[in-house]
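Both of the next two complexes hold subunit A, though its partner changes from subunit B to subunit C.
After this line comes the complex of A and B, so read on.
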């Protein structure tokens, strides 16, 4: 043990394994924290694409072909679901992480989700406009 | 100097959280669902020429670097602190391991974006 969590000598440390299974609230908390894994995985998918892009057209088309497989589709649908949940929870905890903003917590959550939705539609629309 | 680097990693976590909250779902939809299967967007949207042009544009480079680097810093910070929930109390070793990956990947992304050129 080290760092800020170091306990005083000879104190009883309550075992912590599995505590989060005891209450549904804790399960949602753990799911929220676990979404970080999927944010990381997606960044690595993009980094792999960037590596392939730098290697040349052949390697890059290999990356694209891998993305166009059914396994990749299912994988990205799961990613979309969990990173979408990450988005929602990010705005949900925002009133707690910025407690001095004089705005109703509900309004912060709704505004955050609305901005994300609007931005998403805008990005897809612009991309559709320039690539069709 | 103890804990002096905490605010930097916390800021990167916060920036990554905000960036991934705003752009994460739509990027996954575009690169993983819409474009590869020609759903709403054409498959050619992510052709070699198109993506190369995007990666050669300074703003495109900055966006790609921000997405890759901040997403990784966000995830690393959150997972490092989740170790606590499993009874592992992260010290210097865990910090080096968890922050080392995004640091190495950020350097790699910068080098790749330089290799791709302008």
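After this line comes the complex of A and C, so read on.
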């Protein structure tokens, strides 16, 4: 950045290549960012279902049959883990985005995770009851 | 086993060396340094300079984690070398390098010019709505108002947060953690009405929006200033400012 202070001469600038491998903290950060891709993939799976539903009963049943295959179940289990981790990190960084409030960051993170877990259980229970 | 606080042991300190007159790639030089339980990494460097190699260059001043001069990468982690102890690395050797993401002037001394220009750009001083003469007395504020910015005013400009920030390493035009934190320190001060004067820096792509919340700046901060919090709460303010809502929420202050 230019300004009224002038930089020193003959300095050495180190390369930044591979920065994310230099500290475990950065690796966790990269994992957090990478899990966002799997959130998108899951959204696309659901969107595909919606398109199939619009196309008619046959297409929708085809989509449901594809979801019930073992490959799809394993894939969804992996998705669940990664999306779960993504949700956790979402609450983990939440205290950094709130205004300056007198609530312990830990309380914000734990409340967010607890509410998510409770709602997830509730939604699964309701769907279980409806579809049984 | 009782804590051994009296005996002298020897540790190897590996320092990065670079000279502007010779140029080329930096190299590492290892020194054998005697230390005791209470010897800091900075004192280890001072031992080298006094007894082994007078040419080793590094910055230091207070020796008690308040001046912010002796920041360096100790085994790859940005730390104040006066606040880091050789006993915690023994029997392994300890590697001391200049703070990452900054140009090296000589050995462990970095060029801080870029930061000073950025600090200058955030107008790090009170901008009151109207200047008043001294005869009218001080600008008063309540302890509750002070609480809003006090934590951010504890920044000692040690630049550990810049060394911790990969976004600054990748895009050096990023205003960066400490400067944006000090920008917020003044914006959050009830005596200050300088939001508009600072908004160009804050709202720009190189302002708060360059931050991707890696969050390591807040981890390494020796004063618990929490730069990541200062920056990210301002993404909300910046959005409100964009839609013209901020000045409605805080009339007479932010966004006016």
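Please note the rule applied: the second predicted complex is superposed on the first by the 114 of 132 C-alpha atoms of A that agree within 3 Å, B and C clash if a C-alpha of one lies under 4 Å from a C-alpha of the other, contacts with A are read in each partner's own complex, and residues count from 1 in each chain.
In the analysis below, contacts are C-beta pairs under 8 Å (C-beta built on N, C-alpha and C of every residue); 3 or more make two chains touch, one makes a residue touch a chain.
These figures come from a predicted structure and were not determined experimentally.
Of the two partner chains placed by superposition, subunit B and subunit C are both touched by A:20. Of the two partner chains placed around the shared chain by superposition, subunit C is the only one that A:11 touches, whereas subunit B remains out of contact.
In the overlay built on the shared chain, the residue A:120 is in contact with subunit B alone; subunit C does not reach it. Within the superposed three-chain model, A:106 lies out of touch with both subunit B and subunit C [touch as defined at top]. Once chain A of one complex is fitted onto chain A of the other, the partner contacts of A:54 are limited to subunit B, with no touch recorded for subunit C.
In the superposition on chain A, A:91 contacts subunit B only, with no contact to subunit C. Within the superposed three-chain model, A:77 lies in touch with subunit B and out of touch with subunit C [touch as defined at top].
Counting the residues of subunit A touched by each of subunit B and subunit C gives the higher count for B. By the document's definition of touching, of the two partners only subunit B reaches A:128; subunit C does not. Common to the subunit B and subunit C contact sets on subunit A are residues 1-6, 16, 19-20, 33. The touching residues of subunit A, counted against subunit B in their complex, run 1-6, 15-17, 19-20, 30, 33-34, 36-37, 39-40, 42-47, 49-51, 53-54, 57, 60-61, 64, 67-68, 72-73, 75-77, 79-80, 83-84, 86-87, 90-91, 112, 115-116, 119-120, 123-124, 127-128, 131-132.
The touching residues of subunit B, when paired with subunit A in their complex, are 3, 16-18, 20-37, 40-46, 48, 50-52, 55, 64, 67-69, 71-72, 74-76, 78-79, 82, 84-87, 89-92, 105, 108-109, 112-113, 115-116. Against subunit C, in their complex, subunit A makes its touches with residues 1-14, 16, 19-20, 22-23, 25-26, 29, 33, 93, 95-100. By the touch rule above, subunit C contacts subunit A in their complex via residues 18, 20-21, 23, 25-26, 76-77, 100-101, 103-105, 111, 113-114, 116-118, 120-121, 147-148, 151, 166, 169-170, 172-173, 188, 212-216, 218-219, 226, 228-229, 232-233, 235-236.
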